[in-house]
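Look for chain A in each of the two complexes below; its partner is chain B in the first and chain C in the second.
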Partner chain A sequence: MLRSLFRPLTDRRAERMLGATAVSVVLVIVAMIVFIAIEAWPSFQHNGLSWFGSGKDVDAELGAMVNAGADPSGDAYQLRAWPLLYATALTTVLAVGLGVFIAVLASIFIVELAPPRVRSIVVPVVRLLAAVPSVVYGLIGILVLVPFVNDHLINEGQRESVSYVITLNGPGLLVSVVLLTLMITPIMISIVVDALTAVPRGWREGALALGVTRWRAVMSVSVRAIRPAIVAAAVLASARALGEAIMLSMVSGSKGFSPQPWDGLIFLFEPLRPLAATIAEQSEGIAAPALKSSIYAMALVLLVSSLFLSIGGSLIKRRLRLGTAR
Partner chain B sequence: MSVPVGPGGRRSRRDRLLGELRLWRPLDLIGVGAAWLVGILLVLVAASLLIYMGYRGLQYVNLDLLFSRPQPGSDQSQTGGILDPIVGTLMIIVIATAIALPLAVGAALWIVEYGKPRWLARVVESGIEVIAGAPSIAIAIFGLAIFQLPMFSWASFSAADGGGVFGRSFIAAGTVMSLIAVPSIFATTREALQSVPRHVREASYGLGKTRWATIRRVLLPTVRPDIATGTALGMGRIAGDTAIIVLLLGATLQLQAGTDIPGIGTLQGTGSTLTSYVYNNSPTGEGNAPEKAYAAAFVLMLLIIALNVLVAFIGRRRAGNDLPR
Partner chain C sequence: MAEFPPPVRRISSEQAPNVVDPATRQEIPEPIARALAPSYGPERLRIDEVSIHYAGSARPAVNRVTLPVRQGEVLALIGPSGCGKTTLLRSLNRLVELTPGATRDGRILLDGDDIDQLEITRLRRRVSMIFQQPNPFPMSIFDNVAYAIREQAMRRPGKAVLQPRVEKALRRAGLWDEVADDLGRPALRLSGGQQQRLCIARALAVEPDVLLMDEPCSALDPISTGVVEELIHELRQNLAIVIVTHNLAQARRVGDHVAFMYLGDLVEYAPTEELFTNPRADRTRDYVQGAFG
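And then the complex of A and B:
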């Protein structure tokens, strides 16, 4: 038995062995969805579709779950997670929206405009920005950006005007979105740069030969040709932004509150707390069954949305590869 | 797309550029300006990040801090150093890489070299894409569900009163963390394998080698630098991930053995890494010791930068733009 392990592998056994490792990766994902769904079931069961609704104070509900103890009644499962869902959607959409512009401009800069010397600086910079751990972004956010916002951007009048609902003391939407944008832009730049370099030279040269300027040629030919890649980049970056937990739990203000766009400028300073950050923060109380189930329900929502986003993003990317046949 | 430099050198190039710009519409000029602005801003942001972290790091890091163990306490002068988080980070990297490497390389080999049935290969590929996009907090909480099962009681420790399995340990965190590294190792290995020309394989078959022998003796040595690149990228991901550590390593300050067995007991026990140390010592955590957090973040950044330099060093011969994926 043992000796057969050291003999060279036959082809058939090698194929089975390698296939098994590949399939085990898939099994892990299936197990992930199944396990999280099982744990999440009680929460959805007790709340139905109103789980996604609004109307109650999320933080109070989560607190009540911890207090409900080891054997909670059905009422303890009550959760209206809308503020958390809204916070996740808001930060993701704003960061990705902002990031797409930055990423497209930066990619054009890297591929078309920058002299080789500048490019050799910008490319490692983008790589570095992608490699910085989220907790470092969070640390800089909470120790540098948040005090700055608190001291210089929020005035007393604004603080007064909403003091009966929330305290504005720095952490909130603005810092969250700025840092989130910084974190997801490098991923988008990478995808867009790849697509831009793959645009056949002749296409752009054709445009140049017709007499348009270089910028026009880039915008009307290259950027138009890689539109699917830009969409794919945005979709894949949203998957990242959805799941960012640690940085957002540090700088978002950690309050189950929905920032109101019609509050004007104050909107930017209002605290919030996305789903992922909620999971990270509430995980300490996971011994309480009601809270545990709610946390898994949030994880399931996150996992399923990111699953659709990554599959959708890669499908779009695959279509692009067929579209620009060289 | 560089403008050719004429006999006049820089000057004529500048003249030509100015001549061209005169023909441009204002909107186009704004576009070009915005692109330059974004490029320069990215560099400035990265530079200020590095300089600030370097400044804070050098301000607070000293040898004593690096080589003393953290102690609980409210007085900052007595809470010790960051030895345990450093050791914890290295342990997690080793455990997670040791699991992720064979998994990812095996999967990539199977996809490229065998890949039949086709539908299964496609499922595996999308599966790995899903892992790459899955929030690490969701992966972490899945790990908690798994390792709290009674059948995994050997991986951590159980409550003395016969209660549930604790589910948090180096084994648990390392195993779950390996999933974070799989996509990058898989992607670089697969791309490298696909770029090995067919005739290399055929030459090997022609010499009478079996497919497995071809993989072992021809393909793997060829793609070794790419596997190394992917692994270094994956290690960077592992070192930088906080969510899995916060949920699955127990976040105790010191390494605490789970059982009395030497060596294995530590693996079954809890601890901290640099990321969880920074998180807990930031103003949002329990510790609230910004100086310690800065110091740990500085060490973490050094580690990440070292891994990136390693990637650039290995990848110098490789084609492509080397941007993050």
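And then the complex of A and C:
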């Protein structure tokens, strides 16, 4: 029986096996979504579209859900999740945007400019960084970045000016985005470096032979050619950023608050808390039905957004590849 | 017959451009020559005692080579593998500088100016290169041809400016009729021969003075090769062309002058028919008769 598994498969049997595997993977995903959706339903049912809106204090609402006990009234389900959604989008977009920028420039440096010896050291180090557990970044944040921001960047005037809503004491948007960027950039660098290395030499030489500067040759031909890989890297990084819970719960300030860009510099120091961190923190209170349903609702939103992210990513990649396709 | 190594014929830069009938190789008297629109134009490029060393190899890859390149003629470089043809060709637009450790001695003059004094981007626009493997960029046909024009422009030129120039370049490369219906098609979907002609169009779009071709037909089938050779014939009216080829029949078909190189030395430089029918050096005779290489 076992031995038959290792016998060479005929093509048709192999095809069937692969097909069955693919189908069961899809089935598991669908089942998961359905299960989460069912659990999430009461939360959406009681709030309607205003689930996604703002207006109330999310943290107070979540607290009320725990207090409502085992048999909550309809009111207990009330949730205006906007600050959490906004915090998720804000940290992800900023970190991924910054990360793509850094990753592309760093990769160009590594592939085009760095001497081979530097390259042979930097590339493995970057790959190693990509494997560092996020909790470690969180720890660095708490031990190093948060005190630094608190002691050197925030002044008393800024603390005073917002003290009636929030306390500025280090953790917040800046530290979150910096650490998130630090966390997702290595994997992007390593993807982009691989792609850049694989760009045929003939393309770059062809551009140089047309009288284009080295910098322009890289930007207009090599980087252009690897746009699908850049998109792939950004999608992967976004998925990691969206799902990052522990590290962000450590350094974000963990407050259901929406930092406002028009607050000026203070914006950077304002606390927030994305969806994933909220789920991780609130999961102890899951015995309360209202809270349980709310948490599942957040999970569903996260799941659907990462689904859309990867679908959107592959659509963009397909459009970009058209130019390259053989 | 001749001793080896034979004395390299040195061509003095002061010498007036030859006016020779390409068919008979007879010198044409001045007045008639002008009327006939001579196929040998003025000297555009002069390779003067050029040597090229690669780091880590004892002997130079190119050893004190002197050659003229004239407008209106095709100069074919032939020789066994590894004799330095590609190296010499790549030095003409300073592409050889991309190789770490490569150094060049001697001078190369473009219309009398030392190419080391020219800005490198300007030089490469005037002395363009076609590679052995067709290397169209992964963009549309239009974008490929417009590439160098766009890169050279200060402000992004509009489609109205680009369109006629792209069309002209594609026509000169003999590709227009095949691609005119859909210029937005990805260039990499073209056939190998079409891709190579697209690369030629891309180079022609910035109107170079000299076209360097490194075995441009070696990746192509016989029909595409014929088309490209036809094209080379026509282009040489307005351009000086240097072509490297392993295909002696091709050198004979497209070359007006042929230079035979061996282990970095220029062994013989002569009008094509002369070099093939009556070579002066034994090495050359052995090579063109297929004895080695």
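The working rule: the second predicted complex is superposed on the first by the 287 of 326 C-alpha atoms of A that agree within 3 Å, B and C clash if a C-alpha of one lies under 4 Å from a C-alpha of the other, contacts with A are read in each partner's own complex, and residues count from 1 in each chain.
We take it that a residue touches a chain if its C-beta (ideal position, glycine included) is under 8 Å from a C-beta of that chain, and two chains touch if they have at least 3 such contacts.
None of these values were measured; they are calculated from a predicted model.
> Could you let me know whether more residues of chain A are touched by chain B or by chain C?
Result: the larger residue contact count on chain A belongs to B.
> Report for A:Gly202: first if it touches chain B alone, second if chain C alone, otherwise both or neither.
Only chain C; A:Gly202 stays clear of chain B.
> Tell me which partner A:Ile108 touches in the superposition: chain B (first), chain C (second), both or neither.
first
> So, does A:Val193 touch the first partner chain B, the second partner chain C, both, or neither?
Touch partner of A:Val193: chain B, not chain C.
> Have a look at where A:Leu265 lands relative to chain B and chain C in the superposition and call it first, second, both or neither.
It touches nothing on chain B or chain C.
> May I ask you to decide whether A:Val221 touches chain B, chain C, both, or neither, giving the answer as first, second, both or neither?
A:Val221 sits against chain C, while chain B stays out of touch.
> So in the superposed three-chain picture, is A:Thr213 touching just chain B, just chain C, both, or none of them (first/second/both/neither)?
both
> Which parts of chain A are in contact with chain B and also with chain C?
213, 216
> If we count contacts the way the header does, which residues on chain A are in touch with chain C in the complex?
Of all residues in chain A, those touching chain C are 200, 202-203, 205-213, 216, 220-221, 224-225, 322-326.
> Would you tell me which residues of chain A are touching chain B in their complex?
8-11, 14-15, 17-26, 28-29, 31-32, 35-36, 39, 102, 105-106, 108-110, 112-116, 118, 121-136, 138-140, 142-144, 182, 186-187, 189-190, 193-194, 197, 213-216, 219, 236, 239-240, 242-246, 249-250, 254, 276, 279-280, 283, 286, 295-296, 299, 302-303, 306-307, 309-311, 313-314
> Within their complex, state which residues of chain C touch chain A.
93, 95, 98, 120-126, 128-129, 131, 133, 135, 137-140, 147-148, 151-152, 186, 188-189, 199, 202-203, 206
> What does chain B use to touch chain A in their complex?
1-2, 20, 23-24, 28, 31-32, 34-39, 42-43, 45-47, 49-50, 52-53, 102-103, 106-107, 109-111, 113-114, 120-121, 123-124, 126-139, 141-142, 144-146, 179, 182, 210-213, 215, 236, 239-243, 246-247, 275, 278-279, 282-284, 290, 293-294, 297, 300-301, 304-305, 307-308, 312, 321-325
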